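Pasting a structure here, questions to come.
Think of it as A, B, C, D and E in the order they're written, each chain with its own count starting at 1.
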Amino acid sequence: MKKRLAVIMIALVSILFCISPAMAKTLTIGTMSPLTGPYAADGNDIANGAKTAVAIIEAEGGIPGYDKIEVVSQDTACDPRQAVAAANKLVNLGVVGVVGAYCSSSTIPASEVLNEEDIPMITPASTNEKVTERGLPYMFRVCGRDDDQSIAAGKFIKNYLKAKTVYIVDDKTTYSQGLAENVAKQCEKLGVSVVSHDHVNQGDKDFSAVLTKIKRANPDMLYMSLQNSSSGSLMAIQAKRFGLKCAILAQDAVYHPQFINIAKEAAQGVYFTFGYVDKTKPSYQKYYEKYKALFGEPGAYSAYAYDSAYVLLTAIKQAKSTDPAKIKAEIMGMNIQGASKPIKFFENGDSTANYIIQVVKGEEFVPFWNPETGTLY
Amino acid sequence: MIPGSKHIWKKYAIAMIWLLVLLWPLLGIHADGTLTFSETWSVWIWIAGVLLGLLMLVLAHRSSTSRMVRAPVAIAMEKINRLGKVMPGKVWMVLIISVSLLFPFLTDRYAQDVAINVLVYVCLGLGLNIVVGLAGMLDLGYIAFYGVGAYTYALLSIHYQFSFWLSLPIAACFAAIAGCIIGYPTLRMRGDYLAIVTLGFGEIVRIILNNWMELTNGPNGILGINAPGLMLPQFSNGIGFEYIYLKKLHYLYYIVLLLCVFTVIAVHRLNFSRIGRAWEAIREDETVAELMGVNIFRLKLLAYAMGAVFGGLAGAFFAARMRFVSPESFTFIESAMVLAMVVLGGMGSIPGIILGAMALIVLPELFREVELYRMLAFGAAMTVMMLFRPKGLIPAKRVGTRSEEREG
Amino acid sequence: MPNQPILELKNVSSGYGSIDALKGVSLKVFPGEIVTMIGANGAGKTTTLMTICGIVPIKAGEIYYDGKPIHGCEPDTLAPKGLCQVPEGRRIFPRLKVEDNLEMGAFFRKDRQNMEKDMDHVFDLFPVLKERRKQLGGTLSGGEQQMLAIGRALMSKPRLLLLDEPSLGLAPLIVKRIFEIIHEINHREKTTILLVEQNANIALQSASRGYVLETGIIIMSDDAGALLQNPKIRKAYLGE
Amino acid sequence: MEFFIQQTINGLTLGGIYALIALGYTMVYGIIQLINFAHGEFFAAGGYLGVILLSFLVSRGYLETHPWLCLGGSLVLAMAYCAALAMAVEKVAYKPLRFASRLSVLLSALGMSIFLQNGLMLTQGVYDKPYPSIFSHGNIEFGNITVSYLQIIILVATVSLLVLLNILVFKTRIGKAMRATAQDKVMTSLLGISSNRIISITFAIGAALAAAAGIMVGLYYGSVRYDMGFVPGIKAFAAAVLGGIGNITGAMLGGLIIGMVEIYGAGYISGQYKDVFAFIILIGVLYFRPTGIMGENIDDTRI
Amino acid sequence: MSQLLLQKISVQFGGLLALSQVEFELGSGEIVGLIGPNGAGKTTVFNVITGVYRTSEGDVVLSGGSILGKRPYEIFDLGVARTFQNIRLFSNMTAVENAMVALHCRSRIGVIGSILRTRSQRKEERQIREKSREALAFMGLEKYSDTIAHNLPYGLQRRLEISRALASGPKILLLDEPAAGMNPSESMALMEDIARIADLGITILLVEHDMKVVMGVCRRLIVIDHGVKIAEGKPVEIRKNPMVIEAYLGQPAE
């Protein structure tokens, strides 16, 4: 009796094991982003963006030679140690390319691991210069860089707002602080005086002390460089409550539909530096519809993640191979219109940037001012 | 938990159901007033599945049906026990050492990476064990020493090109000094006051690392730290020596294994020396220890310093292995994790802490498959483990209660 | 003397950890009695009382109160049944006012009106407490604390009162007064009393029967008068 | 001077919120000597329940017509819910460990905290939940000093809750029983007071206060987030210890001090180091008074 | 020669005067009893001598040097060892380890020596262990040296406390109710042991309620009540002193 039961169980288990290994040939790509912890919102957007790209590629006929494209999402929790573990896990799973990571402090050590194994990595969100300036051959970036963004911000402050005094606040993360420093440099170069460069801590909710200081300093503009949109909206709400009259300029990390949802009236008229997304382009429409159908309203980095995965998969498709050198060659030669922007890569792995100024109007962000031409949209 | 009493189990089950029912409204009600329970089913299925699994385990344990599984296990256990008696402890030691030496040849890089993490945390856990397990002082800011060690090596490597091996003792020294600085104001405090002060110090260290731009490069972290190197003989042009950086994962594995073995031996020997005895006496009864000629202030400081030394060593290795450090690695939750390893493994017990570190590093990695649920499962697992084994997985052979816990 | 004992211990063993502080203690207390238990420090007297009240876990044996088993009961279910203890060291609540301390004794009772009356009754017994009713318990002197502890127990209207070392650390005069009150309680309210004392002399003088406890075992039990005359007892516990 | 007054008002608001959370820590600690790491999660759960209830009321249009009723009702409901949640958590995760070492319970609490926080994340999502905007932008100006309606509401609500709590703890029978249990659990059980019940009630009250703080934070800052309980939890814990853990008045005082120090630190010295100032004050006070400001000087060297 | 001298010691807790102007002297190798009712301040005297309490007035002189204001471990190092009223062993350590803790101040090897297990460390460790075993053997505990302290019977725990105090080779031994909880035969044995300890040249100050023990071994008695010394003298004198009878011995049982 017992013996028979044991035999049946063993049989069942072995059947289960036999079924699962791929009868079909699967192409696996990985994503790395913080799925838990304080940046989980952006992290999930990234994973979803990549999945959207896969869905679209599969709908367009997939990649020849493969029956299925699989996305493996790994959590980095924005912790370097976990990011390295995640990268190693992805190496083990035999991914041909990785989309990620989010925090630059995760991207940097993780990219070292992936590059040891010659696995291409495309980051949709890490804007620190160091990401691409370490000479890693398989490191690419779809989003812009901090220095590009600060140039656009500087032009806007000087030429459009004609501000004389600027108050800069950042929340001490690799990204937000780096950007804030670049903006401060730009301002000095353009002869705009920086009244103060103040810092708050990441995750703070109460900005009353610093806002009271700003109110006393009475600058022409507040530059708000914060790591995530919720901090940004909290600061906007409180600024409004304290009766702050100056213009507010924020950056791409604060740029998120959540910002408007939370800040509501306080969000109105806040300016942003963000990549120019032409929402009328078919490439955007295609992405938007699919994303909306699968995951709902896209987040700030969804489009970049989508483009990253799209670029990676397209390169594999065109190269007809998963050989990293060939993929790289294809990526470097690419010149396409993505969902977020026209994409073309430079030698070091960075891609074209096209920062413009957007403004919150009603319930959405609208293009406002073009720093290249100095004209309103 | 005292099993066996049906009454208690019933009460407990009712409380459990109560908790789950209470969690219900948070599940499906959305802020806009709509109800979407469709998404919540997956959560419920998970919870129900886990509960069912636990119930099955308990039932199987109770009834004889589990004998099918238990009998062979029992036989195996008996055999192992018999083996354990036949084979002296040394043989086991050799077995463990050989497995850990051969590990990189048997596994892939992900497993090696996890193993490195485990070993780093074993060092940290053993270091914290000196403070918490041996001397009986609750420390919630231990990760600060890890940070000090990591930044010490990072800065020495970047600015002065110090080698990893030379930096190890320096990092240990700096961490020890930090330990004394943190320890000094806490000497008169007891129990939970100590906890919040150490927590505060831990946060202060992290905030300083994050804000002292000139020294630490703030949140950008420090990049380009050298990996550990070795002088290796070179035979191509006659005989020469070349400095080779050991970047490959399995080299790093051996280095941290070495560090870990050193830590285990050192902690073990300290524990069984006059110093360990004095620590234990302080833990058991601080007042009496002082009346029996133990300079409690000095020994408490020493406990902090020694704990910090091992934290610092682990930190230096961490910097060398990541070749990048940033303040994000030294948050309070890391301190809590290390403490969890010590308590979960069994305070004061070296094998316990090794097991605890394994459990707490490997568990989240195992749960990696379930992505979003991993931290949920991890939290629940932590509570459940504590409920079933309040003294830890492998309690120390004799774990004393801390002196202030005694009545009267 | 009625046949049904109000409290009966049958072969009770108890203690924390691996050591048994009590090794098979049996005793009976009948309604209306004052029974005393004497013994040296560490003999297990306090453990006996704490075992009766369910604080120290019982390992073997049975305890009956009013004919019903109470071993394994939660400690807090006993006071409503009329079994109350004044523990060693008095254990008043030092940061509660005197009247609040007394109120705690009647916490489980629902009848608030009677409580006022009972409190007045306690104040009659211990007028000094009335003077200090607004003071914090911790500011009272040792004797006053002992009175407060007894008064607090009386607030629960006990039928059986367990008293642990009421004379501990008190001046002889105060001890005398305390024991007078114990007698009064026994007489007037018909409260049965189990008294644990180290001061064997005074304990045996006030009790009707006595048990002698040594290292967790009852070595002797007799009428109090007989024990007082017993040369062995006189030698061991009365310092002669 | 105006700057100082403005910062003081800001500090009072923040400090009041810390004080409300700190009370839960201190009460639970006073009674079972446990640092309840999961306490911050009750605060977060309260905030979420508030957003759920208020949004529901908004969608039905009740908020427009009866704003105060809706606000009060949501507050009471959220407090009741969190009280029940805390009691359940205590029964499930802490009660079985009543006689285990304190570190085991601490760890169980930490596990519960991680569990609840991630449970909240999974069920309510990773995004911030916006609070319906009521009273959000109204304010009173005295010269350059701005006091928003919400700040006034928070201060009034905090003070009245603190007064209520004081009445509860110092004047009622159950409050006295709580204090008695905190002082001597064995003795209270000898007097027929069920310590389990008192402990449950303590958890419930603490969590209810945290829930109230959660709603106020939500209203004041405009949104809630699943991990919002962590940082204020730690600050409130520091506040409880600063005041002398186990002491109710101390927790209120500690909360106010931590809130003020943070705001003054950020306002006058540097925003990035404000947590450092809070902790340095804490360490400094504890160095000279090892049991906190209002803590009893327990002479534990007695032999 | 006076081994220990208390000069006009006063101790205050809050407003309460726990000791007032207490003074006495202990000669070398003497056994002196300190008696008085509960709460009279006997343990407070011990706490003053061992440095647990700060005095508000007075001086404590050990072998000619003042030890006032020294930390307890320094005083222990100078040769004052004690036992406790409620047994306070390191209850999860073995008997021999308990005694070894007392030798902590007599050993010198540091962290590095311990980690490296140097030859001198092993030698020192061996010496400590031997000395501790000797101390245990002196109190008849050689059989129990590897027993966990809390597993020892009550009487033996009392003895272990004394061994622990003896292990360091003190000049003065303060015994706080060593016979409490012992049965008469155990008390008898203890009396002999106390006498043997005194024969080693160790001065003993004994607090004890068991009058038989006190009268049996002490050559001199000091009586305190309410923090004040009310009598001092030979046992026979003390027994007859009316003040002592009233304060402490009480009316004899009729």
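The working rule: a contact is a pair of C-beta atoms (placed from the backbone, for glycine too) under 8 Å apart; a residue touches a chain by one contact, two chains touch by 3 or more.
On a predicted model such as this, the values are computed, not experimentally measured, just so you know.
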If each step moves to a chain the current one touches, what is the fewest number of steps from subunit C to subunit E?
1
Which chains contact both subunit A and subunit C?
D
How short can a chain-to-chain path be from subunit B to subunit C, counted in steps between touching chains?
2
Of all chains present, which has the mean Cα position farthest from that of subunit B?
C
When all chain pairs are ranked by how many C-beta pairs they have in contact, which pair ranks first?
B-D
Look at all chain centres (mean of CA atoms) and spot the one farthest from the centre of subunit E.
A
Averaged-CA centre spacing for the pair subunit E and subunit D, given as whole angstrom
49
Measure off the straight-line distance from the CA centroid of subunit B to the CA centroid of subunit E, and report it in whole Å.
43
Between subunit D and subunit B, distance of the C-alpha-averaged centres to the nearest whole Å:
30
Calculate how many whole Å lie between the centre of subunit A and the centre of subunit E, each centre taken as the average of the chain's C-alpha atoms.
72
Quick check: what residues of subunit A touch more than one other chain, meaning two or more?
36, 172, 199, 201
Interface hub residues of subunit E, defined as touching at least two other chains:
52, 84, 88
So in the complex, the part of subunit D that touches subunit A is made up of which residues?
3, 6-7, 10, 13-14, 118, 121, 126-128, 130, 133, 136-137, 139, 141, 144, 146, 148, 150, 217, 221-223, 225, 227-228, 231-232, 262-267, 270-272, 274-275
Touching residues (chain side subunit C, partner subunit E) in the complex:
17-19, 40-43, 142, 168-172, 201, 214-215, 228, 234-236, 238-240
Footprint of subunit B on subunit A - complex, ascending
2, 5-6, 35-36, 73-75, 78-81, 84-86, 88-89, 91-92, 103-105, 108-109, 112, 116, 128, 130, 134, 172-174, 177-178, 199, 201
Give the list of subunit E residues in touch with subunit B in this complex.
50, 52, 71-73, 76-77, 81-82, 84, 86, 88, 90-93, 97, 100-107, 109-111, 114-115, 117, 121, 124-125, 128, 148, 164-165, 168
In the complex, subunit A residues that touch subunit D:
36-38, 40-41, 43-44, 169, 172, 198-201, 203-206, 208-210, 212-213, 215-216, 229-230, 233-234, 237-238, 240-243, 258, 261-266
